[in-house]
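First chain A sits with chain B, and in the next complex the same chain sits with chain C.
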Partner chain A sequence: MYKIIKHIMADILRNKVILSYTLLLAIASFSIFALEDTSSKGILSMLNVLLMVVPLFSLIFSTIYIYNSSEFIELLLSQPIPRKTIWRSLYFGLSIAMSLAFFLGSGIWILVFQADYLGFMLLLIGLLLTLGFSSIAFLTALLAKDKAKGIGISIFSWLFFAIIYDGIILFLLFQFSDYPIEKLMIFISFLNPIDLARILLLMQLDVSALMGYTGAIFKDFFGTQMGIIISYLCLIMWILVPFKISENIFAKKDL
Partner chain B sequence: MITLEHIDKKFGKFQALQDIQLTCKRGQCIALIGPNGSGKTTLIKTILQMVMPDKGNIIFKGEKVNNQWEYRSKIGFMPQMTRYPENMKIGELIEMMKDIRNMSTNLDEELINAFNLSSMFEKKMGTLSGGTKQKVGACLAFLFQPDLLILDEPTAGLDPLSSEKLLKKVAKEKAKGKTIIISSHILSDLDELVDDVIYMQDGKILFHTKIDELIFETSETKLTKIISRKMGSVHV
Partner chain C sequence: MIKKSYPLLLILLFIGTSVFGKRMYVGPKENYKSITSALEAAKNADSIFVLKGIYQEKNIIMDKSVALIGINYPILDGQGLYEILSIKAPNVTVSGFEIIRCGISSIRDMAAIKVYDTHHVKIINNHIKKAFFGIYLQYSKNCQIQNNVITAKGITEQESGNGIHCWNSSYLQIINNKISGHRDGIYFEFVTHSKIVKNHSFKNMRYGLHFMFSNNDTYEGNRFTENGAGVAVMFSNHVNMFHNYFEKSWGDAAYGILLKEIAEGKIMYNHFSSNTMGVYMEGATNIQMKHNLFEKNGWALKVQASCQNITIEENNFLANTFDVSTNGTLFLSNFQHNYWDKYDGYDLDKNHLGDIPYRPISLFSVILEKNPTTLIMFRSFIAVLLDKTEKNLPSLTPEQLKDEHPRMKPIKWI
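Presenting the complex of A and B:
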């Protein structure tokens, strides 16, 4: 497995797209931290960038990479290598390369300007989102044989998690505002890794005081040690579950 | 060497393979022929389990190998439409395969020399012509001295000279006692090479006969003639 990962990593790190991603993250992160006067505001702006850019890039890049590797996968399949090893190597190679890009692009600036608990949390969330959304991409890339369709599905899933999901939640909140649905809201936010990441970090900032009653309920849950641990576990589930499903599909796929 | 038992495969509603039974003994050379879309490539990919059969057993050297992978180390496969990672150089690709297979000695580099591929090691796979890609595929199939060679239309796209070199190599491996399954539409390539002929149509094996019997039956010597006569008699 190590050997295949090595070859995949070597291939990805030569890719110009991932280099420009690193550069883009570096420029964005540096300018945000340099422009904002308080570092807490910097963290907030960084969070917004990360929650949009990292999932989008991880999804699209991974999906395209899997489609473009179809020849490589076919070649490996005719060799004495188990299917699981091929699929896992592909995932590890890709996600290690992307995590590295995120770390070199944003991580270093976060550590330079904000080397405290919040900074580490932001870094960790960025990495978990990278891993989680490439795992989702591994699943969407198997759902459609056609490349354009596959990329379409992954763009839609990004739209869904980043924008549509919040719209639905807002709609529900207004519709059911007479009912005590705060507990339900906590559960619903587990179903979206982007929301989960956002709430997790916002609860550590002072701005959570402005979020009213729901904010207070959230604070009660996400502010506690237990809540934080559960949230991290849930983010990790978002990495493991889609990947495991995709692995099972790949084990039976015809090429 | 390899036995297929009651292999069924459906792609959606399309029955690609239907109750395929096949035995291939050690040292045999089998020609797999049949019209386009008759399931030849699917059958070959099923042996390698690149296509997973819906039903049936694959038995390699007396062992059932369904859902296993180790047996593929004994197989050299040359695919039909050879597609390789585009931004990899020929040399890198061959090195990578050696690395993955964990073999750097006891390699068969005869074809690499015959095709003079080492002069093109720096070329990227994406820039190669179809024929050159075929050559790379052929070299990779023979490189690891496999016991079973599976060649899917090996000469399609090759120039006559290279095609000749490849067929000579196949004949040489056959003489060494290797088992060979070869599919081709260019039947004249297969004369003097094959022992058995399998004719496929609509996902079924229409007949599996020794070439000697076919020659006796049709009183023709060339495979092209044999097949046209045989198929003519079937349809009439």
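Presenting the complex of A and C:
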């Protein structure tokens, strides 16, 4: 397993796309922190990078990588290695490489310019989103045999999580504005890793606004130790669950 | 603070005693065993020195113009039943006491020190603990309340009184007091021409400072932290608010300053930091806001449509979640030359003023006003998208509400 992971990591880290992703993140993060006049504005721009660019890249790069290495996977399958081991090593190799890219690109700048609890949280959430969306990509890549279709599905799932889902929620919020749906909203936000990450950071950034009445309900949940732990666990579930499903599919799939 | 007050005490000693009247001493080993007996024997302009000890004398009525001076903070104990000091004569000085356990009554407003219908009273350097009302003034003029520490542990708003309560008085000076745990830190009702300077009012249940029907007053250099709301100014005019610091008023109805039915006020050089709402205005007219700093507030300003002729100029708005919010589409106030950290305009003619207007109301804050639950969608991509669209084609936000020429850099003032 380690041999395969090592091989895949070495392969990805030599990849020009991932190098340019690292470079892009590095340039973006540095310019965000260095050029904005206040660090709070820098954090907000960083938030957008984290919630938009990181999931998008993780999804699409992982999907394409799986399709491109289908021959390599077939080669491995001809060896006496269990299918689950292959799939896991593929995921570990890929996700470690991606996390490394995120850390080298953004993480270092976050730690340099914002070395406090908030900065640490940004870093952690960035890493969790990288892992989560890679794992979603592993699932979407198995849903279609055709490469174009697979990439289409992964782009759509990014669109869904990043934009459409929020649009639907906003619509529902207005439709059901006469009902006490605050508690339900907490549950609904668990169903989207991007929202969950955003709300976790919101609790740190806009604490004063959230002390108002409605905000207080969210604050009572997400602001407490228990709520924060549950939120992080939920983000971790977003890594484990899609991957586990994809693993089961891969184990039985007729390639 | 005690050290600071020594010179003052000395001055009082000279003025109050050696020049005008005789000195009397109260203490376990002195001629007078109780304050009441000393008061009976005293004449106007005498000074009564009270030595260290615990004095449980029910209600002490001061009806002569004497100075009552505690040495090493003697304790006056109201046993949770009585009003402790009732001042009914002019030119009375009370200083240097620890006054504890005043009675609680919902019929009479019992206070640790209550001043009735008089003038030129000085209440200085006292520590008032567990009081219902701390210091209570009614129909009084030219009184001075200085360097007192007033603490309480109120449980509910009904069961606690105000730290310094002034009713129907004028020309008061309230300086350098520390007030906490009361219903309102300082309460003014029908009080005019008074000054509130350098007080620290914190952790009070309702307001740090509360004005009702009080005109021509100034409060300056005060700190209001972690109160239900910092300052509430209601139904008053000509109130000046300078150099105050408002911090951490957190909650649903929590404001740095709440202005309700106010006219002709000035709000200058104040610092609002981390409040749910910095300033909330309702029915305010002719208010001038200048050189204030709004920082890390949920909403820096909430100006309701019932306000008119509010001038908001040369303020700094930094890192607030929302800069301005309002409840209607009509807006009769004026923003000028403020610095907004969210402004992304340009300055081609290099006059340090932006060339395109800044609209401080975001669409999202309008949406939030109608449907508060949407707060959970804040900073999501869709919310940013809505805001950007609205910025280019304003349709839901008030058209007049804009700063024509915002500053490019934060304003510095002295």
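Heads up, the rule we're going with is that the second predicted complex is superposed on the first by the 248 of 255 C-alpha atoms of A that agree within 3 Å, B and C clash if a C-alpha of one lies under 4 Å from a C-alpha of the other, contacts with A are read in each partner's own complex, and residues count from 1 in each chain.
Here, a contact is a pair of C-beta atoms (placed from the backbone, for glycine too) under 8 Å apart; a residue touches a chain by one contact, two chains touch by 3 or more.
Small disclaimer: the values here were computed from a predicted structure and weren't measured.
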In the superposed model on chain A, is it clash or fit for chain B and chain C? fit
Is A:77 contacted by the first partner chain B, the second partner chain C, both or neither? first
Between the C-alpha centres of chain B and chain C, what angle is found at the C-alpha centre of chain A, to the nearest 10 degrees? 170
By the touch definition at the top of the document, which applies to A:54: first (chain B), second (chain C), both, or neither? neither
Using the touch definition from the top, say if A:44 reaches chain B (first), chain C (second), both or neither. second
Taking the superposition on A as described, I'd like to know which of chain B and chain C A:153 touches: first, second, both or neither. neither
Per the overlay, which chain contacts more chain A residues, chain B or chain C? C
Quick one: is A:125 in contact with chain B, with chain C, with both, or with neither? Answer first, second, both or neither. neither
Once the structures are superposed on A, label A:255 by its partner contacts, choosing first (chain B), second (chain C), both or neither. first
Please work out how little space separates the C-alpha atoms of chain B and chain C at their nearest point after superposition, in whole Å. 38
Chain A positions touched by chain B in one structure and by chain C in the second: none
In the complex of these two chains, what residues of chain A are touching chain B? 3-4, 7, 11, 14, 68-72, 74-83, 252-255
Chain B - residues contacting chain A, complex: 11, 45, 48, 50-52, 69-73, 75, 77, 79, 83-88, 96-97, 99-101
Residue ranges of chain A in contact with chain C within the complex: 37-38, 40-41, 44, 47-48, 51-52, 162-163, 166-167, 169-170, 173-174, 177, 181-182, 185, 189, 195, 198-199, 201-202, 205-216, 218
Contact set on chain C toward chain A in their complex: 250-252, 254, 274-276, 296-299, 318-319, 321-322, 341, 370-385
